[in-house]
Amino acid sequence: MATGCEDILEIAGQKIRSRLFVGTGKYAGSQQMKEALEISGAQVVTVAVRRVNISDRSRESLLDAIDLEKYILLPNTAGCYTAEDAIRYARLAREAGLSDWVKLEVIGDEKTLYPDNEALLQATKVLVKEGFIVLPYTNDDPVMARKLEDLGVAAVMPLGAPIGSGLGIQNPNNIRIIKEMARVPVIVDAGVGTASDATVAMELGCDAVLMNTGIAGAQDPIRMAEAMGLAVRAGRLAYLAGRIPKKSYATASSPAEGMVAR
Amino acid sequence: MATGCEDILEIAGQKIRSRLFVGTGKYAGSQQMKEALEISGAQVVTVAVRRVNISDRSRESLLDAIDLEKYILLPNTAGCYTAEDAIRYARLAREAGLSDWVKLEVIGDEKTLYPDNEALLQATKVLVKEGFIVLPYTNDDPVMARKLEDLGVAAVMPLGAPIGSGLGIQNPNNIRIIKEMARVPVIVDAGVGTASDATVAMELGCDAVLMNTGIAGAQDPIRMAEAMGLAVRAGRLAYLAGRIPKKSYATASSPAEGMVAR
Amino acid sequence: MATGCEDILEIAGQKIRSRLFVGTGKYAGSQQMKEALEISGAQVVTVAVRRVNISDRSRESLLDAIDLEKYILLPNTAGCYTAEDAIRYARLAREAGLSDWVKLEVIGDEKTLYPDNEALLQATKVLVKEGFIVLPYTNDDPVMARKLEDLGVAAVMPLGAPIGSGLGIQNPNNIRIIKEMARVPVIVDAGVGTASDATVAMELGCDAVLMNTGIAGAQDPIRMAEAMGLAVRAGRLAYLAGRIPKKSYATASSPAEGMVAR
Amino acid sequence: MATGCEDILEIAGQKIRSRLFVGTGKYAGSQQMKEALEISGAQVVTVAVRRVNISDRSRESLLDAIDLEKYILLPNTAGCYTAEDAIRYARLAREAGLSDWVKLEVIGDEKTLYPDNEALLQATKVLVKEGFIVLPYTNDDPVMARKLEDLGVAAVMPLGAPIGSGLGIQNPNNIRIIKEMARVPVIVDAGVGTASDATVAMELGCDAVLMNTGIAGAQDPIRMAEAMGLAVRAGRLAYLAGRIPKKSYATASSPAEGMVAR
Amino acid sequence: MEVTINGEPKSVPDSVRIAELIDFLELKKERVAVELNCFIVARKTWEDISLKPGDKLEIIHFVGGG
Amino acid sequence: MEVTINGEPKSVPDSVRIAELIDFLELKKERVAVELNCFIVARKTWEDISLKPGDKLEIIHFVGGG
Amino acid sequence: MEVTINGEPKSVPDSVRIAELIDFLELKKERVAVELNCFIVARKTWEDISLKPGDKLEIIHFVGGG
Amino acid sequence: MEVTINGEPKSVPDSVRIAELIDFLELKKERVAVELNCFIVARKTWEDISLKPGDKLEIIHFVGGG
């Protein structure tokens, strides 16, 4: 039996099996998305809130492809540039999804898609008061993380790098500090480009990793989804196992004594 | 069913299930070692050649702890500083192990335990002629790798960093170049300190990773062994999946169209 | 005559000779500080605002050691944790220094000394209205940088790493983005540990670098001050010169033709 | 007067003013080269050995552009793939240059231009016996460096990255180890792409840096030459000055006491 | 009568109730949320509320996103 | 009379003017700034303003900082 | 008689065969290799070769290593 | 007579001395080195050595390199 299985993530009282959270955007089709979700082992999946296409009913709804018994939906407020918009989308999401969870994004800039932290704090205040389980997408600023915590978020989700950039964790020191200071789970959100990026995030002590483009944009999304599932588990176990210290020089792994006579 | 399972490593005609090779040194005891080997999923395990302790027969032999049906023994020539010594140990290993495989080490310096490449080439020449399956421990020099190939080694094993240093792959560019030029399997040997180091090695396209201290020296070797097994699979799958390109700026993962009216 | 000498930095209409800004804290004595300032070539020097020691008049004042004909004083609001405090210190500094320049710091956390960006924006609003030349110490968030610009700061001063940490630029991608988006000078403030850190900051395109501990805390502050002066010039020139692109493989620097006959 | 001026490099009894060594290849013309050499401050300049063009006498000779009173010529054996060729070029160079110095290159691979270390050792043995001052271009292998030292080279010149790649020091740990073990000067040769790369090399404790493409290939070679001259001095001084230790968290540079009353 | 749904003019039965409208548009009730003139309409009230000419509706659902 | 300067009780001449106080404390006028009961006192008014018992003053100058 | 095994002097039965020696030392045949005076002794010849006084033997096996 | 210089056939005066050849080719003596049939010819012997038909010469100098 594998070790570390008793190591369960809990957010706002909800036990979560997998420390990999995945998005549902940018897949070639819903069949591909379903397979990717399945093999990734993820339980929490993010979705966006958009208008129904009333002129063309043909298009199947995303939710037909997602087994709600198996997955926890985490609606986002992607595309919102003001606190008002983000609050409006969060409320629509709650109405449509019958769940209080929201990945709160208030974007501050089109090129980086970095958050507008001022507006994020305003929106967080309102939504927490309305009983939402708020998981805010923020930058890697420990001061922001603490302010969000003080407002009552369920977790903080610092970015590792710009959304979809695939640059990996640009500032591991900040992520580590955020985790050391945090009293709520820390989820690295955005920037993961390949498996080792996810492993590094977990080795820093983070509680989970959220990604979308890193999987959906890979040449073979299914394989990458499997890779990410393994990578997150590997990073978590390595963190729990306690790595060896780094040294500039070598230490033999075979015994020095017992050599035959020269 | 997991993807990538049809992706089998073959060395000298031997099919190998797991791309993680592990050492057997430095464990607290053989029970701990057995569990670590088991959970790591490794099939190839390295061993050292040393004198039998004839005054104290009590000590159980390593091989009592290793199921030879399950594992492929890879004897090393650790501790040898000359071609002559390395050849002598390889021959003893063959005699004791009834196998032709050898992890050929000729150490050139005590502080770094880096190879003496001149002596390594000499020893390789002799042992290949004697029918050994030679897997040489070398540095990350593409020219050396090609010379070893030309001498008929079964694989090249460039170091990622000094043995036991835990520094991870110090020169990814060299490892990538070695792999691009190689016509035999490339196995990163030495330097892995944590799971992400192993994942990175595999993402560079390497065929396998060999480690000992990274697992045996961890605070919880069993958990780290599991982490390394997952990390190697994650890295391999990510390499096969084809990662997204890196970009300095962001790309949205949620659709831009379909926003509600302001 | 050296090239690049016509490359002058200008902040709020003030032409500034040197792109190295230095602090005056933590020196062994004012003689050491004077020599360090002198050899660094810096023109802008930061100072802190503190109570006069009225019980012990013996201590010479800092300003006795700084030739105000030669140096531009940049008072800071170090130690302030609220907008109110920072505003109060800025006003005191103006009254004492007869200058409108202020390095505006509003600290958000004791362990990282990272800024409280919300409070920083409030203080900036007030001080700009009062006619201060505000140079805010902020984190490496491009969104914050733009908000500060929109409030009318004279320059933005993103941190490279925690004050006094010596970690160097932790997130070069963010610093580059801030510079690409900025319409005012960008000065990397905090985190420089050694000369190459300063060179890297300038190679990213930044307009200047501000440091204190990296010089005053070195074993030989005078030598490090000289090193930093050279490093900043080197980085600036390299940026202007336009570096060669990076390649994984080699290109000969000696001609291929004209070899003698084999 | 600048500090560190008494810090003179000496190779084979020859005192050398500047720790920046530069190549003479790939310039737009000899006027540009002259200016670059001049502003770089370099004293040692490398040249290649090639056939005279007897059909077209128009072409001015390189040496017409280099004041031999001011510069120390370091002929290389670039383009040689065997010990024999390298020895032959070294002898021709001595005959043409009336100097015993040679930058010994024996290339092992066309794509990386990495050295053939076996052949390099052979050529070194012969040339040292013939009284040459041998400065061998080698890879970043501490074992090779020691073997070359034992053969009597005047300095070792490990590569930082492939020639002309501009990747900078790929394995700082190896370079540091080589320097710690070396009893002759260590000169980083090849791989420098921008000023900070040169600074880093010197901060590792190296005695000098040799580059060509990094300067000649820049968009503005003259400016980059000046940058490199400053960068090498900055790195050297920073090394001598003794940098501050790295810390994950902050330390204030302004005093904690003396704050006014709240 | 004419109303605006998701930014497009649309003819719908006079004083149609929202619940009816959802059927009329062949949408899955349990998958959508409705805003009427910028206020969210709680699902449980869809039976009661009927539209007036010129009403502005937003009908949203979940799509793939990160 | 008693006032508080930089947090410390201090006896100063009755209704001393700030300009006089600075001399009394042997401070360099052009190097310091003064807060009286939390309000900055412009240098040019130092001649005019005299202290009352219990006044709280902060007198600051520049020190080394980063 | 006296021989040297793994660097230690050892008394063994006169002209003992290597196969017998392995039993005498209670070692597992299939786990060890033997050098006699610096030459490897093939396992299949252990029955035939007997030791002489002063012979130097190295008997090795596998131990944990990386 | 015909010799080969730097790989190219070349007509030169019969039994021309190397020193003369360098002048003939308008090269700067102090900047070049000469190989005759794969052996370096020391500068001080250029006056004495004269070429034979079919001789192979390499004449090199320094060019820009790294």
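So that you can tell them apart, the chains are marked A, B, C, D, E, F, G and H in the order they are listed, and the count of residues begins at 1 in each.
Going forward, a residue touches a chain if its C-beta (ideal position, glycine included) is under 8 Å from a C-beta of that chain, and two chains touch if they have at least 3 such contacts.
As the structure is a computational prediction, the values presented were derived from the model and not from experiment.
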Path length in steps (a step moves to a chain that is touched) from subunit A to subunit F: 2
Intersection of the contact lists for subunit E and subunit H: none
Far-end chain from subunit G, centres as C-alpha averages: F
Distance from subunit G to subunit C - Cα centre to Cα centre, in angstrom: 73
Cα-centroid distance, subunit B relative to subunit C, in whole angstrom: 46
Centroid distance [mean C-alpha coordinates] between subunit G and subunit F, Å: 96
Contacts with 2+ other chains: residues of subunit C: 23, 25-26, 48, 50-51, 53, 76, 78, 92, 111-112, 114, 162-163, 167, 173, 177, 212-213, 248-249, 252-255, 258, 260
Residues of subunit F touching at least two other chains: 6-7, 35, 58, 60, 63-66
Full enumeration of touching chain pairs: A-B, A-C, A-D, A-E, A-G, B-C, B-D, B-E, B-G, C-D, C-F, C-H, D-F, D-H
In the complex, subunit H residues that touch subunit D: 5-8, 10, 25-28, 31-35, 40, 42-43, 58-66
Residue ranges of subunit A in contact with subunit G within the complex: 252-255, 258, 260-261
Subunit B residues within the subunit A interface of the complex: 2-4, 23, 25-26, 39, 48, 50-51, 53, 76, 78-79, 85, 88-89, 92, 111-114, 162-167, 193-196, 199-200, 203, 212-214, 216-224, 226-228, 230-231, 233-238, 240-260, 262
Residues of subunit A that touch subunit D when the two form their complex: 173, 176-177, 248-249
Of all residues in subunit B, those that touch subunit G in their complex: 23-27, 33, 46-55, 57, 61-63, 73, 75-76, 78, 91-93, 95-97, 163, 210-213
